[in-house]
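Per-chain numbering from 1; labels A, B, C and D assigned in written order.
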Amino acid sequence: MRRHEYIQILDGTHPEHGRTIGLLHQGLIVASAAAISLETVPNLAPWAKSALATFEVFILAVFVVEYIARILCAPKPLAYIFSFWGIVDLLACLPALMFLSPQWAAIRSFRLLRLVRLLKLLHANRALMRLEAAMFQCRSELLVFAFMAALILYIAGVGIFIFEHEAQPEVFTSIPVSLWWAIVSFTTVGYGDMYPITPGGRIFTTGILFVGLGVIAVPTAIITTALINTDLRESIEKEIEEELEDIEREVRKDLAPLKRRPTRRPKT
Amino acid sequence: MRRHEYIQILDGTHPEHGRTIGLLHQGLIVASAAAISLETVPNLAPWAKSALATFEVFILAVFVVEYIARILCAPKPLAYIFSFWGIVDLLACLPALMFLSPQWAAIRSFRLLRLVRLLKLLHANRALMRLEAAMFQCRSELLVFAFMAALILYIAGVGIFIFEHEAQPEVFTSIPVSLWWAIVSFTTVGYGDMYPITPGGRIFTTGILFVGLGVIAVPTAIITTALINTDLRESIEKEIEEELEDIEREVRKDLAPLKRRPTRRPKT
Amino acid sequence: MRRHEYIQILDGTHPEHGRTIGLLHQGLIVASAAAISLETVPNLAPWAKSALATFEVFILAVFVVEYIARILCAPKPLAYIFSFWGIVDLLACLPALMFLSPQWAAIRSFRLLRLVRLLKLLHANRALMRLEAAMFQCRSELLVFAFMAALILYIAGVGIFIFEHEAQPEVFTSIPVSLWWAIVSFTTVGYGDMYPITPGGRIFTTGILFVGLGVIAVPTAIITTALINTDLRESIEKEIEEELEDIEREVRKDLAPLKRRPTRRPKT
Amino acid sequence: MRRHEYIQILDGTHPEHGRTIGLLHQGLIVASAAAISLETVPNLAPWAKSALATFEVFILAVFVVEYIARILCAPKPLAYIFSFWGIVDLLACLPALMFLSPQWAAIRSFRLLRLVRLLKLLHANRALMRLEAAMFQCRSELLVFAFMAALILYIAGVGIFIFEHEAQPEVFTSIPVSLWWAIVSFTTVGYGDMYPITPGGRIFTTGILFVGLGVIAVPTAIITTALINTDLRESIEKEIEEELEDIEREVRKDLAPLKRRPTRRPKT
């Protein structure tokens, strides 16, 4: 096996061993993310704590070994070290270097950068490429939508502050806080931490929410149209092309005897 | 009437009696589901309790009779008993076997498996087949979406924990709990049991919710595109085909006198 | 002016006076709906109460006059009295008959039936007809969706009851109550009156909400596809037809001299 | 540089200097909006207060200078002063005229009108024009939807009042208040300030929410269809046209020798 094949294995793109090793590798990153999140649970049982600590050592060992392997196998080791992925891999290993120190918890979270690697697997994915193409195609529409949404949010925040500040000075304390209400309401999350209680504020909210419903429908419409544009148009184009080629062939076949005549005639 | 006709009647697919018996059968399953749910209501009136108990006996009797009838009518009784549907039917009858025991409540819930039978009715449904075809067609896009949604959820959960843990240690106790907040917020349910209160946490939430709105728009766009692809393309294809056949016929008709000439000419 | 013209005026379909009178009429119904809703406000100022009472008398007078006018102008008065709209109009007037009695409040709400009249105006509306056509076209898909949504709701309600009943016996008291939670969560309303607190219940909710997001995307997809099917297909069909007729004409024109030759030849 | 070029610079449409100055100008409006919102934060640090006051003076100075510059550069100064934008600009400057008076806070908010200017930048935007065209195309469908949504909201509000008023007289106090519940629930915001607790009210809400889910799906479907209609149809039309022109050319080329013959024949 050649060097570049080792890298293919680590990247999960090797034709033979790639799939298995790749999946194991990705699984390890996911497990590592789960471990980081579990460690924050308060009052963990001692056995769980030590299990997580052991798993931590194991994960770090694997990452360090992988980092060294990648440097050794890279056609240009220095280029790899200073590449984007090289730095990500280094940051993921850093905790290992200061393992014994008690302050390493913060640095450990750099490991989360490895999650970016998961996106790598997707790069060859056809479905993602189609989604990306659609998103790229409608980027200016989405920008216009984001701009208009921001404007409506600002108007909603200022408006609700004017209506509700006097009635609930403890809740709608300032415009920035009212903007938070506007965001929570417009996205239809509605936590219930802030809501209008005056008739004026409620009528204003009704108007603004009705506009909001329309605005929220827009990105769905934009993305759908873009997806159909890349997807459906392609297939309709192909369909029409094929059909028209068929008819062209048929017409040409019908015309063939007519065309041959002029060339045959001189012979007679 | 032959044996297989009895099974058709029980399955609701018999040409004559199928519809009525089938609907009664399905209605019984739905009623049974309703009864199971009503029994959990605390402080039921005694008459309601006894009515539910009587209905219970009736339902079980019907299911036992049906199970025996299906074994008797099956072309291969053993094949039926060990088939998926046979086991579902047996589990639905099991409570009858231990009717007098007071611990049968738990086993009774196996009867819910019968709900699966309701899905059976849909198998011949054209609308469902079209939906299924569309879903199948866009399965990889939906998978990519689910993966990206999971990634954003993880980032949101970790991020909000970093921002809010210090300010609300009793609410955002750990990352897994923060993930719960992320799920409730991203699906725009927003129970109000957890919400950010720090400016940092709120700005972070705003950003993540804006991305979330876009992400939530994506599955709608994907499914719509797939539905249109299976639905509209088909009809447009047919339309184009027909139209082009028409024009082909017309052109051929116009060309016919030209084509006949060469063969007629030798005669002159 | 003839009798049927008076009815056209009342219906708002008269070519000359219809628009104004029709709008006034509809406006009165809306104002009446607003008045009914305002009367329920507690602690109304005395002037507001008397204003609403006066308006009430006015509205009733108008409705009674209209009812009598419709009977007088109808080509077949009896047919009108026993028609659907005749009964609606009578029920709207009934309060007038028992105006002095203090118990008429309940009967007055029959007047809300007049709101149905507002729908009448829409019947000639082209946009509504297109929406209706689209809805009708996809009715079986929507039914399948409703059935599947109901099934998922039932499973969600039973599931959350199993997970949360022990931890929150005061909140998730029974399966019917848990179904209410399922509905509030699935529609992403999320009042916050009930929510899972156990890890098991939260993980279950996460799974069920993810499925729910997909399911909620489906009716949008179905309606969009149906709307496009009635709308876009029509226009594409027309487009293709026109284009193909054009090319047909062109080809025929090109073939014309060829076709004329055989008839010209005998002359030579 | 000519006069009208100065106006182009201020409007951000000048070919050379427009972009930079335009962006600065727009940025200033956004910063001014942010400043207005920050001033409402209670208990600001003294340094922040004085910074905001200084920024206030600066903004006002810029706006006054701009207003004077626009009058001087306008081809018809009076026409500008009494135009829509002229009045907006004047209202934005007004605070400067009464700077020393302590009551100017209210008038200052006129400055927010300048946000309208941000929309000006978008006027030449192609993506917005397409969105606008789509919105305009489906305006009657959206109106019908708004009408039906309003009707359902009214029915929901009256219905929940009937079901819940007795059980929660402190929450569902009147129909207008119940309408507020209907709006918050239909838009799936669900603050949690009001929710039904009686079985009847909950079953009613379930029915109304299921209809609501369908209704909320409608505007998305309408806008998507309109966007596709303007977008996709255009491109499919172009596609078909091109393809058909191709085949027309091909057929004509094939027919060319046939057509030339009749004219050549007389020569022989």
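Throughout what follows, contacts are C-beta pairs under 8 Å (C-beta built on N, C-alpha and C of every residue); 3 or more make two chains touch, one makes a residue touch a chain.
Please read all numbers here as calculations on a predicted model, not as lab measurements.
Of the pairs listed in A-C, B-D or A-B, the one whose interface repeats that of A-D, with over half of its contact pairs matching by residue number, is A-B. Shared numbers divided by all numbers used gives the overlap of an interface; between subunit C and subunit D this overlap falls below half, so the copies present different residues. Here the CA centre of subunit B is 38 Å from the CA centre of subunit D.
Each chain gets one centre point, the mean of its Cα atoms, and the points for subunit B and subunit C are 27 Å apart. Residues of subunit D in contact with two or more other chains: 176, 188-192, 220, 224, 228, 232, 236, 240, 244, 247, 251, 255, 258. Touching subunit A in their complex are the following residues of subunit D: 33, 36-38, 40-42, 109, 112, 115, 118-119, 122, 125-128, 130-131, 134, 142, 146, 149, 176, 180, 183-184, 187-193, 216, 219-220, 223-224, 226-228, 231-232, 235-236, 239-240, 243-244, 246-247, 250-251, 254-255, 257-258, 261. Of all the residues in subunit B, the ones that touch subunit D in their complex are 188-192, 220, 224, 258. Those residues of subunit C whose C-beta lies close enough to touch subunit B in the complex are 140-141, 143-145, 147, 151, 154-155, 157-158, 161, 165, 173-176, 179, 185, 188-192, 195, 197, 199, 202, 205-206, 209-210, 212-214, 217-218, 220-222, 224-225, 228-229, 232-233, 236-237, 240-241, 244, 247-248, 251-252, 255, 258-259, 262.
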